[in-house]
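Each of the two complexes below includes chain A, the first together with chain B, the second together with chain C.
== the complex of A and B ==
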């Protein structure tokens, strides 16, 4: 090695050493800021607000990953906004409130660096609190859920929102260092989040509080039969990253003593951040409601996400077994209770299903619609070419104990299933005459529907109602024997009203 | 007007002048101008927001957000920049605190009421008055316990408590405690009494102790 190359190697080693020293100094500063951060004191407040709102609301949902993750997604940032924005604005305005701006402006390092470290400390504590809160919800759900795994995208959106909230608060505090800035920034951030959570133009779906279409909300059928689409979440993460970059860049613009490259960087970050926000809003504006209830954004959509989720259904062991998606395992007894009277009524008759399965609900209509095309009902499908029939039912979108507007009870849930299943199954077994349903068929359907425990029976005229009442009043065995003997004639439309027993 | 009458009026005027000057200096030291600007900004924002469409609970939550901002500003005005010297020499200090607290609360109610003229304010003025009174009480209590600079924490945190209480009116199970007074109906006596009790406690402690001094 020559003296010259030795000099170069020594200079390079010195530069590396200087970098390590800088990183070490930044680490020490970060440790100091962690100890002095106001967010440390706000963590219990954030935890209490999370427990009061998002946690209780999520845990009140049935133990299904999609329901709990989407409910938490909607509320968690609203809970974290007041403490995080407040603490960040407080820390951002610290130098100004203490009249230390000039003093700190004389140090050799750019002021922006120290401010970034302060912001990073606030964000780090907020993220620790956020991860703990989400971890509790996900941990409890993992113990209670009968099937499935955590939905990470809702948690990722929240995690991306925390730095954005703290950056906005910090920038507000740094730009306007007054004690009145903190409540204004906090109230403003909460208002902005709450405002964007209201159903508005599609671009507003980029709000980190939107867990899907605001007109559908958390629904048991979403993300259960088909993969949870990350399209909207990706747009939201882009938006939050943009807000963070713009706010941090705005803090850098304050540092008038910094060199030209730092100012250029600050301008660039602000501009890039704002551009990212607009791009994300534009992407969210192109979202469309897919048949599985989620928002698909064409530019971000991965066709592989449209594949159905493979699962082994949970079945009971009755003569006509009922098989449900394992996420709905807790509702198997309810479905059995709902369907048993209908199956008993039709036992042994041709056309009775060999098993009962479950189909996903189908969502349709425009983006601003809560229309569930499938609803609760039965879709008849041939399970095998051999003729063994499987009847697939769609469970109601509101589950018992779900704290939604309907807030249905188990009895109502059973009644909803029975109503639709009885109508579809009995109509399928009794069938329609070639020229449309005959009056005798109508009377038999009415009688069987009533006898299956359905409170709402099909409308009928006086003669049909009288025949239906007469038929329903027969002992079950007699009625069943008559049906077994005359079902073929009844289905062909050859039985008149007067011929009904 | 005779000469004795002129001297009586000027004597009364000269007696009132120091009192008015004391009030003006007290208000200036508490940054009341900035607080009034904050209240005006909140009222203006409410006015603008009332032009947009809101769903049922969103419409009820909306005034609460701005009421909280105003209440936080009132709480912050309790902080004193002078500390011990003022306490040692200010004989009228408790009365000034009491007067400024009540006057600022009334200003908030009037400002928000004026902002809602000609627009549909969910809950009405009575709701606004009850919530403002209760939130200011929380702010004053926070000022006494944490200091004027941190008086915003109470109203801001309670804003979320109240907003969620209103949300549960549409999404059961509802939170029906009168201590969550923003979620109570407009003419509910329990909610009004709780708000009044909080305000009484806040104004009494703020009058007696003033805001806690923080380094």
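== the complex of A and C ==
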């Protein structure tokens, strides 16, 4: 080694040493800041708000990963915004409020890097609180859910939102170190987040509170039959990273005594952060509703996620077994209860399904209007190999115990399934005459539907109603024997109203 | 020379706080005297690199304060106690001093020892783990001194360091000043003339933003011979120089 190379190596080693020294010092600073961070005191507040809002709402949902995760995603940042923004604004304004700006201006460590350590401590505690809250919801769901695993993307969006919230609060405090900054920033962030959650232009879907399409929201069918699309979540994470970078960069702009490269970095971070926010909003603006209820962003979309999720259905062991997606296992008895009277009416008749399966709901409609859940509750028939028929049903989009304005009870849930299944299944078995449904077919369908326990029977004129009442009043065995003997003629439209017993 | 200031001015809007000050001094305790509004604090803030001069040149510790890299080097070797010390009430004494030791980029392995030494030197060893909000004004002042000296500065700037200290603490503080002045340049801005007489090897007097006297305490005392205002000889010298500057 020459004297020169030795000198260079020594210098490089010295630089490495200096970096380690800086990291060690930053670690010690971080430890002090962790001990004295206002966020430490705000953690119980964040926990209480989370419990009151997002936890109760998500745990009120059926024990399905998608429903719990998406409901939590929608509310968790709104719960965390007041304590995190407040604590961050308090810590950000600390130097100014405590008249330490002069003294800190005389130290060699750039003020910005010292502030970053303070911000990092606030963020670390906020993330700890967030992880605990998410952990509780996911832990309980893991114990209760019949199938599936945690949806990580909604949790990741929340985790990306926490640094963004704390950075915004911190920047507000650093720029305006007044005692009014904390309440103003806290209230402002809460309302801004709440405002962004309202469905407006598609670009607003980049709001971290948006769990999928704002017109659908958390829905049992989303992410159950097809993989949860991370497209919108990725855009939201980009947006949150942008907000964080811009806010942290803005804090750096305050440090006028810092060196040229730190100032350039601060300007660069602010500009890059803002650019990321606009890019993310632009991406969200191109989102379209896919048939499985999720938002697909063409630029971020991976076609591999369009594949259906493979699952082994859970079935009961009746003569006509009912098989459901295992995520809906808890609803198998309700579906059985809903369908049994219909199957009893049709037992032994040709055309009766050999089994009942489940189809995913189909979603449609433009993003900015109410959505259409195509075929919700409708029975679809499929000729399966071997000639036997399986009828697939689509369960109602609302499951019992869901919160919100349109809560349904188990009784209503059963009623909804029975209504749609009875009409479709009986229609399928009785069939339509070549020229359309005959009056006798109409009367039989009405009678069977009524006897299956459906209160809302198809509308009919007086003659059809009278015939239907007459037919419905027959003993079940008589009615069933007549149907077995005359079903072919009835299907062909050769039976008149008068010929009905 | 640790301090080499030439024709430095500092303007705040229309107000000229410092109007062409030139000063050169090496190691030792340097007293900066003057009435309220004389420009002492502004001069100290410039020396502390908090603000930059409007004009003139300033070299500290043989480095020009105009360049960022040099300012950073100066700051590593600097201790500063501002006139009104802010503090984080939730921090303990040790945490506060450690916080500043780390901000001064001291090697982290040396920090615990340096913090303990600084706290002991200001006689706050028994209060090291007390929260700052529980301390009296005099104790807080000593915490301020501890953070200023924790990095063994080559240039120590103290703005009204004895404000709020009781007589016993002031005596102890003067002896600390003398000890620090043996190795570093200590600039003490004060309007308590007896502090200067007891601890300073050199003294300057400012009035209306200008340096109106620069010499030893003995020379300042000599200026007061025959002057009626003041109880102590140094006070009489101080009053005589000020009266001459005003006239």
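Definition applied: the second predicted complex is superposed on the first by the 484 of 501 C-alpha atoms of A that agree within 3 Å, B and C clash if a C-alpha of one lies under 4 Å from a C-alpha of the other, contacts with A are read in each partner's own complex, and residues count from 1 in each chain.
Assume a residue touches a chain if its C-beta (ideal position, glycine included) is under 8 Å from a C-beta of that chain, and two chains touch if they have at least 3 such contacts.
Only a predicted model underlies this, so the values are computations on that prediction, with no experimental measurement involved.
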{"item": "Touched partner set for A:53, first chain B, second chain C, both or neither", "value": "first"}
{"item": "First, second, both or neither for A:180, with chain B first and chain C second", "value": "first"}
{"item": "Which superposed partner A:98 touches (first chain B, second chain C, both, neither)", "value": "second"}
{"item": "Touching partner for A:82 - first (chain B), second (chain C), both, neither", "value": "first"}
{"item": "First, second, both or neither for A:364, with chain B first and chain C second", "value": "neither"}
{"item": "First, second, both or neither for A:45, with chain B first and chain C second", "value": "first"}
{"item": "Chain B residues within the chain A interface of the complex", "value": "31, 34-35, 37-38, 41-42, 45, 49, 52-55, 58, 61, 65-66, 68-69, 72-73, 76, 79, 148-149, 152-153, 155-157, 159-161, 163-164, 170-173"}
{"item": "List of chain A residues in touch with chain C within their complex", "value": "21-22, 24-25, 27-29, 32, 35-36, 94-95, 98-109, 114, 257-260"}
{"item": "Complex contacts: residues of chain C adjacent to chain A", "value": "45, 48-50, 68-69, 71-73, 75-76, 78, 80, 82, 84-91, 95, 98-100, 102-109, 111, 147"}
{"item": "Footprint of chain B on chain A - complex, ascending", "value": "45, 49, 52-53, 57, 78-79, 82-83, 86, 97, 178-180, 182-184, 186-187, 190-191, 194-195, 198-199, 403-405, 407"}
